[in-house]
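Multiple structures are listed underneath, in structure tokens.
The same chain A turns up in both complexes below, where it pairs with chain B and then with chain C.
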Partner chain A sequence: MLKRKTAVVDLTEGTVKDITVSDELRRAYYGGRGLNMHYLLNMLTPGADPLGPKNVLIFGTGFLTGILAPNSGRFNISAKSPESQVVGDSNCGGFFAPELKYAGYERVIITGKAPEPSYIYIEDGTVEIRSADGYWGLDTQEVQKAFKRDLGMVESAVCGVAGEKLVRYACVRNGVKNAAGRSGMGAVMGSKNLKAMVARGTGGIEIADPEGLLRYTEELKDYIMSSKITPIIGSVGTPLLYEVSNAFGAIRTKNSQLNQWSSNLDAAEIDKHVEKMIACADCIVHCRHRNMQGGEGPEYTALGLVGANIGLDNADEVIRMNNLCNDLGLDISSSGTYMAWATELYEKGLITKEDTGGMELEFGNFEQYSELLRMINDREGFGDVLAEGRHAAATLNDPEGDYLITVKGLPQSDPHDVRYMKAFALGIATSSRGADHLRSRPTLEIFFKLPAEVKEKIYGAKVNSDPTSFDSKEIPVHFSDNIFATIDCMGLCKFICHGFNSPHYLSYPHFVGLINRATGWEVTEEELQTVGPRVIDTERIINIREGLVKSWDTLPKKYFDDPMPLGQAKGHHIDREEFAAALDRYYELRGWKPDGMVQEERIEELEGIA
Partner chain B sequence: MRISVKALRPFKEALGSGDLELERPEGETVEGLIRALVEEHPAFRDHALDANGDIDLTLNMMVSGRPVGENDLDDPLKDGDEVLLFMPLSGG
Partner chain C sequence: MKYIYVYPELCTGCRVCALACSLKKNGVCNPKHSAIYVARDEFERWEYPIVCLQCEDPVCVEVCPQNAYTIEDGIVIHDEERCIGCRLCATLCPNAAINTMGTKILKCDLCGGDPECVKFCTTEAIKYLEETAELEQRRHALVNRLRSA
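This part shows the complex of A and B:
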């Protein structure tokens, strides 16, 4: 039940082979991020060049994707990251994942490198490697339109020219804005001469109890829609978060030299540019804006990172930056972080016009940043330097990356300055793919009035209610890590899941309810709760193989050394000793050794799953 | 005493403004302020109060930089306090 095929495509040899996936393996990792990590653990050669043919690139749909479960249209793309020092993995919405399942496949594992630009076409149980002649060189929008023109109602996941040119933070795009944005998966596609995954499917998915599943899905939809938060996300979207962070004084501004910015980017200003709200496959929230400038978005991340972080305070300009990143296929989080980094280095005199090819970098210059994005995309002039991301640190006279807002080599994903909320800080420090809110952001920490006994019931232990204290904050981070990993295995959107935006929404009992009705299995909550830790440990083992040591679980230097200068968060920073103690407690809670390594017995156990 | 209220969406629509300057009696508590706002702005009731008439979990507050926890609703405000009202959300 619920099972589709898994293909291994060797682009070097031009072969396609279906492989068997046991139910034991499915119940260990389910799908999405989890199964992707299992295959990376087993197929990736440690130390492989992330932009070489030995890297393994995996497109894996969520376990519940394609069956009308609420907000379940998601998939993960995973590989060794060319951007960070560790595992690359990115979760994406849109319409590609259900289409891939209807085409008969739940996962495609890609090895090798095609001898010429290619794309992979999947239709109703068949997988073909085809020439990308006529598609190579197109941006992410042009190429998707070209596939629809030539192949009909297909869905595709594509890289842009940035991916072809191996910009280390090139993303993968499905639709106008849906992105597997983080960790440079578009560059991995480019390195394999792979322009796109294109799917067309007409097949159904076998369900154990279709009527029961439909009734249960209706119940869950009513439950989700009864929340006071759902209509706000569906009408305002994530731009609301900008004004929350900004009012509080926690918006990354000008490369985190400041922590507060203009109200010109508040949601009310963004509203003036919104044509309508739209949704991903099977979504009942519709959090996405279609903007009047011809694109989709902006999200909070764009407002922060190609807005406040580069000193732009004009909503129209920020939306245009957002749209340009989307069209080119560049990760907004990384693009905004690197451009702000270079600008601060220029302002401080660490680099000069000689380094920038004559560009006089200054915060707030829309024309300059638009041009710089194009130069990065084309690897032209100074853009070629910035296309290397943090790998350009030595070239940019910042060899230790002291001015970079990264963890494990990955720029922080979201615009929230975490120096105030200590659990947020611990979360981005320990995240497997680098600084990222989608791995473990313990948002329940900002439900200030959540009763202590409710928190204790959720976390299974008492947690200090002071958000500025590290005391016991390993507990919410551990909890969030685990449930977010489980959500990523299911293929669900975090916006409707417990712990990300609410103490309510869907949690383990609901996931079990969906799984059992769909498969006929008798999974228990207790069993399902082992999945998250398994995924986290698998990612940890992959990272250790790539050289991870304890010192990589850290934070940007500025977060330790520079107190926040503005607003209600003024004066807050990260104390090194308190952070180190919290990190030790986190390791202990996760069952890792004091040096952050995974226990040998656990490695043996995970390597033995087949 | 003078209290400043900065309300973010969706609360500011219900209050008619995102920035309010209020004259309140000495000893007014955080909860007292919220209930006074509900009294004056009926549209704020659904946001501020839950089905039991208690202060809603999704009405997050900070008073002059201090988060208002479950046990802080009875805390008295003081002259010049700045009260921030916002909905706790995450995303990127």
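This part shows the complex of A and C:
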């Protein structure tokens, strides 16, 4: 039940081969991020050039994707990252993933490099490699419209020109705004001469207990809709979080030189630019804005990274920056981080007009940053330097990356300055793909007034209620890490799952309820709880093969050395000894060795799953 | 009499209504296997749920060579036994409300008075309401507009 095919496409040879996936493997990893990681572990040659033909690029739908399950339209794209030092992986909503399943495939694994620009077309059980003649060179909206014009009601996941030109933080776009944004998966597509994945399917996904799933999903829908958080997310979306973080001084501002910014970017201001709230496939929350500037968004991430972080305080300008990143196919988090980084380096005199091709970088200059984004996209002038991201550190006279807000080579995803909330800091330091809140951020820490007993019930152990203390914070990070990985395997959206935005929402018993009704399996909660740790250990093994050592689990230099200057958070920074101790406790909880390595028996066990 | 009324301005395009319908009526999940369809174009910026409006003098009843359609208590009912899958009804319905999958006709019958799709819509873009003069005027205006299009 629920099973669709898995294809291996060799773009060099031009061949397509279906492979079998055992039920043992499916019950070990389910789908999405988990199964993608299994295949990377088995197929990726350690040390392979991420922009070379040996990199393995995987489009994998979630286990529950495409069925009647709340907010289940998601998939993961995984490969070795050309941007960071480690595994690349990005989760995405929209409408592509269910369509891929209806077209008969749950996962497409891509190796090699096509001799000419190509796209992969999947329809009702067949996979074809086709010429991208007429599509190459188009931006992310233009190319998707062209596919609909030429092929009918298809759904596609595409890279823009930034991906074709190997901008290291080019993303993959599905729809106007939905992005597999992080870790440069668009550049990996470009390196393989692959413009798009295009799917169309008429196949129905069979369900073991249709009436049971209908009634259970209706029950879950009522449960989700009864939360106080749901209507707020559905009416203002993630910009809600801007105000929450800004209130106590935790918004990354001007490359983390400041930590508080204008209330002009509060959700109420953004709301004035919204035409309608819309949804991804199968989503009952509808958190996505259709903005009056002609695009979709912004998320909280955009408000921070192409707003506060580059010194913009005008909502209209920030939304236009957001729309431009979306159309070009550039990751907003990375783009905003690198532009702010370069601006600070310019302000400090570490680079000059000679380095920037005459551009006088200054925070708050909308026209200049819009132009810079276009130059990055086209790899023109100084844009060609910044297109390399952190790889340009030496060229930009910051060889150690002292001014970079990155972990494991990946710019921090969200706008939250983690020097105040220590659990957030530990989360981004240990996240498998680098600095990222969607891997393990224990968001509940932000609810200062959450009673201690509620937290204890959620995390299964006592957690120090002071958000500025590292004491016991390995517990919520470990908990979040595990459940987020499970959610990514299911293909569900974190917005309706436990621990991300609310202490309620869906958790392991609900996932089990959906799996068993859909498949007829008899999965237990205990069994499902082993999936998250398995995925995280698999990612850790891949990263270790790529050279990861304990010192990579760290934070940007500024977070240790520079106390926050403003607001309630003033004076807070990360203490190196406290951080090191928390890291050791996290390793212990995860069952890793004191040096952060995975136990040999565990490696053998995970390599043995087939 | 209760009918489904459609409010496109409230539709988010999620298609959960169609998934529920496909699962209820066909035991599988795919919004294309459904009697309600959400037409949408995110690039052109619109969403529109399409479902049978239960016209009083329906084109499907008129054109079906097999007389597979009848009106029972104000609901246009499709008889699968009589149908030969010619799809003339689907081709000629002015509302494009009759969906097909191969030769199978997918046509809303209001689930016998308990429409599954409506239960899953969280924005009230589709509602199942007792007819009122105002609502009926709205439904008829839509039917007439589509017929004259």
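Operating definition for what follows: the second predicted complex is superposed on the first by the 610 of 610 C-alpha atoms of A that agree within 3 Å, B and C clash if a C-alpha of one lies under 4 Å from a C-alpha of the other, contacts with A are read in each partner's own complex, and residues count from 1 in each chain.
Just so we're on the same page, contacts are C-beta pairs under 8 Å (C-beta built on N, C-alpha and C of every residue); 3 or more make two chains touch, one makes a residue touch a chain.
Just so it is clear, the structure is predicted and the values come from calculations on it, not from any experiment.
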{"item": "Touched partner set for A:238, first chain B, second chain C, both or neither", "value": "first"}
{"item": "Contacts of A:414 with chain B and chain C, given as first, second, both or neither", "value": "first"}
{"item": "Contacts of A:300 with chain B and chain C, given as first, second, both or neither", "value": "first"}
{"item": "Chain B versus chain C as contact partner of A:48, first or second or both or neither", "value": "neither"}
{"item": "Which superposed partner A:609 touches (first chain B, second chain C, both, neither)", "value": "neither"}
{"item": "First (chain B), second (chain C), both or neither touched by A:102", "value": "second"}
{"item": "Which of chain B and chain C A:25 touches, first, second, both or neither", "value": "neither"}
{"item": "Footprint overlap on chain A, where chain B in one structure and chain C in the other make contact", "value": "none"}
{"item": "Contacting residues of chain B [partner chain A, same complex]", "value": "6, 8-10, 47, 55-62, 64-65, 67-70, 73, 82, 84, 86-92"}
{"item": "Interface residues, chain A side, partner chain C - complex", "value": "66-68, 102, 141, 144-145, 148, 175-176, 201-207, 210, 213-214, 217-218, 221, 225, 234, 275-286, 290, 296"}
{"item": "Chain C residues within the chain A interface of the complex", "value": "9, 12-16, 19-20, 22-24, 26-30, 32-33, 41-43, 45, 47, 101, 116, 119-120, 122-123"}
{"item": "Residues on chain A engaged by chain B in the complex (per definition of touch)", "value": "228-229, 232-233, 236, 238, 240-241, 243-244, 247-248, 267-268, 287, 299-301, 333, 413-415, 437-438, 441, 443, 446-452, 465-467, 495, 500-503, 568-570"}
